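After this come two complexes, each holding subunit A, first together with subunit B and then together with subunit C.
Our next item is the complex of A and B:
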């Protein structure tokens, strides 16, 4: 494998769930690459399939209801679709770290911070308790927790939300992962704490060169840290590309809509431009482009057949048949230099 | 616009006593809301921002007496709401309403939309069944819902639609003042923008006043005329929104604004971050409550609590060094 190969390469990932009311497709033919040292922002509204995509990659969806299929999921030279449960388990918490949204529910309330931090280290690296403890203290210090040796003996409820999320990050980093899947890591936190944690992630990432898939619903978080953006809508990729490209020349009406209805991105108009309607239900998806019913640029052709990905530049592609027309309009905010 | 404000809050306080669950002895006092004062004019929106636990929601509830305040005054149309008896309060509540954050738990799942929207009218009485139904349909129209859906239950609606139902219910009593307690926080951005626009339209049509409580500073900037910033139960700064966002005087406001994510990847850059976390409102430090995290704190800050002072043009700041921070902000 050459150095230029992406660390994670997903091709044709689909996920469906079967329940009492039939089968819904939550993720539909999603493909993207994550390079070493790159932060890929996966953005979308609730139900767009961003978390399911991440969970599908590492086999964390319930086997009895979820069906994950993919042409290939290449991670570090290995195809995860062919990996056994045992192999996947070795990867999770090892070369693939995970951070979830809810720092309250993703830590075990009856185990000490130290035990939870040492568990993955001892499973993946088979080192002594003493050595694992020392590593744990080191990790807590690295993620900015004051008096880390004492905190090792604390229970999760003794820490604030921000501190718990720092512990989660420390656990995710414990085995020096090559890839970190961060699912809305700052959503439940206050802005000042969010800013601290994003800075922390960027700092660690710069030092270790690990790749990060950052799932978020906030365009601001994307603007703040992503190198590449994947915009999801209703289980499909609407647009993907380098972050400055996406912000300067959004090539999908949904991406444009997302930016226009986020108050911080628009300065201060009297009325916000809105996207009419709401996300379609997965059990009643429109034919053709899934955004068409809410799109003011939709043509008849949009309502039949899935729109193809149209290339708009190097690594920038949009699933909109009017993409080329759209990118000619630039959206630079005041103060930004082109 | 009249000269006296529609709602005037003076020295509003609520302290919760924490007792040991076993011995019943007092462990301490949480000063959830401490000596909060502000005015809201007719047709005006006052944004109330702050981090979790700063007392902004409690403040909203104190105004409606959903939680009984310990001290202070809430003057509404020149009457002190805190001195009204139950009968008078019921009468006046018609014109003071609240919209809650969570559109899932704030609507009774076993009531139809009609029952939900009409509940305030039932309570007030005086309308026939037919009149009430017509009124409910008109309200649903007003908030952009299909009035034919009046017999449906909350679970048949999306989050954004449910929030519209909550707004319709608040409008039923023809209020003059609505507390919006994180009313758009739980919504996806595309839907959030719709509800914000709706709130603005309704405000124009009915000349409503809002207390808009939120933790999202950009949303507050968009919707408010003036903004109040709370920290650990106290208001630290109130100003017209342009003044607050472009020239904040309180170090905490400055830190909060610096934490908002950038609007464009090209604007990235290292900014001053606020260290530490919100301290506990349980037995807060003497002096300025922000002094432990404040980058410019001096000895006086740890000894003496700063008063909310008027710096001109209705810009009030509770900082001993408000004069100096102006230069820093400019």
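Our next item is the complex of A and C:
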């Protein structure tokens, strides 16, 4: 196994928003690595800071309200925290592609599919309109759009949601990115289309070996696609590690909760459990572990001081003071922790 | 697109018929005897009877309406009672004056309104935005006749930069036309500039918050490209919709402004016609203004369909 530097390495990323009611910290000291050709799943409830993390990396948060700070964000050998707006712009759509959650509103309604698809190609490469058009047709064919040459002249409203998301993927792939940030790319689509699109992403990834940060709130998607998982809760990382480790030995009560929320099709059917309560408001965060108010394993010590990341194995770490205990207990038969 | 244009033109026909019917009805409904006005206070009853005969006012309602429409289709709008000239001829003589003034105002409105709105949106909540919006508020609240008078006092009386009014034909002396038309056009346009700037700003802010703008940024598009290629087209959709209304206000609002600046346009003509109960003139002017507005609105609708592909499919 050869060791290379990760394609993306984030250290101490924090993001705060300033509004009329003061400043809230949406992402608090987040660090993780993405290796070349790796799919990293970023999972958490809505509002846990997944999207803000991804948008913050490439400078897509509104400049007047958001403030992004980090020790380092290394991408492909350079530090994005030191990059100028111009340099970031050159990366966006070039070496870093993005797919967003809302296919219905992510395409410009008044521009043709072809123009929107050719745009990043023409921005990042010196290439004729003709050549860009041909590349566009190729890309549409690659993402499984029938009669791609005709579709180039269509407007977004003429395509279905699934087709639009395929176009978005084609746009993101247009300049052969080294990293794809996919922000809940299938959440807004119905289940059969979701599966098709995930397969498409996996297929393309297998072919191009690009790295993917896949943001989702579905453990099922993670299990199917990801090599590594980063679990986020309320702006912080709760647990991260290789996907098999996380599923076999979850080291954080929140990760366990997420897994119990996912129905199983094999084995004994059981009643789905939910995690009681909801995410704390960012303007009224609990001291100590942010999950403590919803955690049935919480101790008094959980409510004071930020829990440190505890190593549980190679590259597996959890921000729970009872992590080691949990990992050993998760080997016990289900129900034993009750 | 072509079929759409034809359909919109066909829809204009019944509207124009309705307008002509209303304009015919004016003569029947409004109190006051046109013959008495025209003949003056010293006319004898016999004079009045003769005058009514020549004007056709003694005939039955149905006959009058028949004559009205027959003449209308022949392009004959009758004789102006005050000016003693064919209405159509007068309208054709005067309309370029008003239309050129309206177009000048429209250009001012679009250029100033759009750019103030865009700049304010780009500098959202900064001092530039606040100054722009205060200006827009002043523009919306100041009545145009007051603005016109103040401008005359300032630029003509004190500074002597611009003539107090009048009209110079564009093709004879473009510079003179420009000098004479600037103050009337500006006082006509001021309110519309304010409205358009506010509309543009709020629409631009809304558009800039859309997901497709984030997509454009994610593609590495420059800020200028984001604003002018991705946002502007979407901002223009509601803007073009109100442009039709703005134009109609610029055309019909010119009655007061033309009077203040002594511009011999359609507005001043209609104002005098109404005061003098010059019914044929009022009728003709009404039909003419309605026709111009209809055509402009069709142009706006076609432009709208051209801008927004979602409308075209229908």
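Descriptive notes on the structure:
In this text, the second predicted complex is superposed on the first by the 317 of 338 C-alpha atoms of A that agree within 3 Å, B and C clash if a C-alpha of one lies under 4 Å from a C-alpha of the other, contacts with A are read in each partner's own complex, and residues count from 1 in each chain.
FYI, a residue touches a chain if its C-beta (ideal position, glycine included) is under 8 Å from a C-beta of that chain, and two chains touch if they have at least 3 such contacts.
Just so we're clear, the structure is a prediction, and the values are computed from it rather than from any experiment.
When both complexes are overlaid on chain A, the residue A:223 reaches subunit B alone and has no touch with subunit C. Looking at the shared chain after the overlay, A:162 reaches subunit B, while subunit C stays out of its contact range. Contact with subunit B, but none with subunit C, is seen for A:191 once the two complexes are overlaid on the shared chain.
In the superposition on chain A, A:105 makes contact with subunit C only, while subunit B stays out of contact range. When both complexes are overlaid on chain A, the residue A:127 reaches neither subunit B nor subunit C. Applying the stated contact rule after C-alpha superposition, one finds that A:89 touches subunit C and leaves subunit B untouched. When the two structures are aligned on the shared chain, A:263 is found in touch with subunit B, with no touch to subunit C. When the shared chain is aligned, no partner comes close enough to touch A:299: not subunit B, not subunit C. Judged by the touch definition given at the top, the superposed model places A:275 against subunit B, while subunit C stays out of reach. Once the two structures are superposed, subunit B and subunit C can be ranked by residues of subunit A touched, with B on top. In the superposition on the C-alpha atoms of chain A, no part of subunit A is touched by subunit B in one complex and by subunit C in the other. For subunit A in complex with subunit B, the residues that touch the partner chain are 45-46, 160-163, 190-196, 198-199, 217-224, 226, 243-244, 247, 257-258, 261-265, 268, 270-276, 278-279, 332-333, 335-337.
If you check the complex, the residues on subunit B that touch subunit A are 51-52, 158, 160-161, 188-194, 196-197, 200, 215-219, 221-222, 255-256, 258-268, 273-275, 277-278. Residues of subunit A that touch subunit C in their complex: 58, 60, 64, 89-94, 97-98, 100, 102, 105-111, 116, 119-120, 123-124, 155, 157-158, 168, 171-172. The touching residues of subunit C, when paired with subunit A in their complex, are 124-125, 210-212, 214-222, 225, 229-230, 233-234, 237, 307-310, 313.
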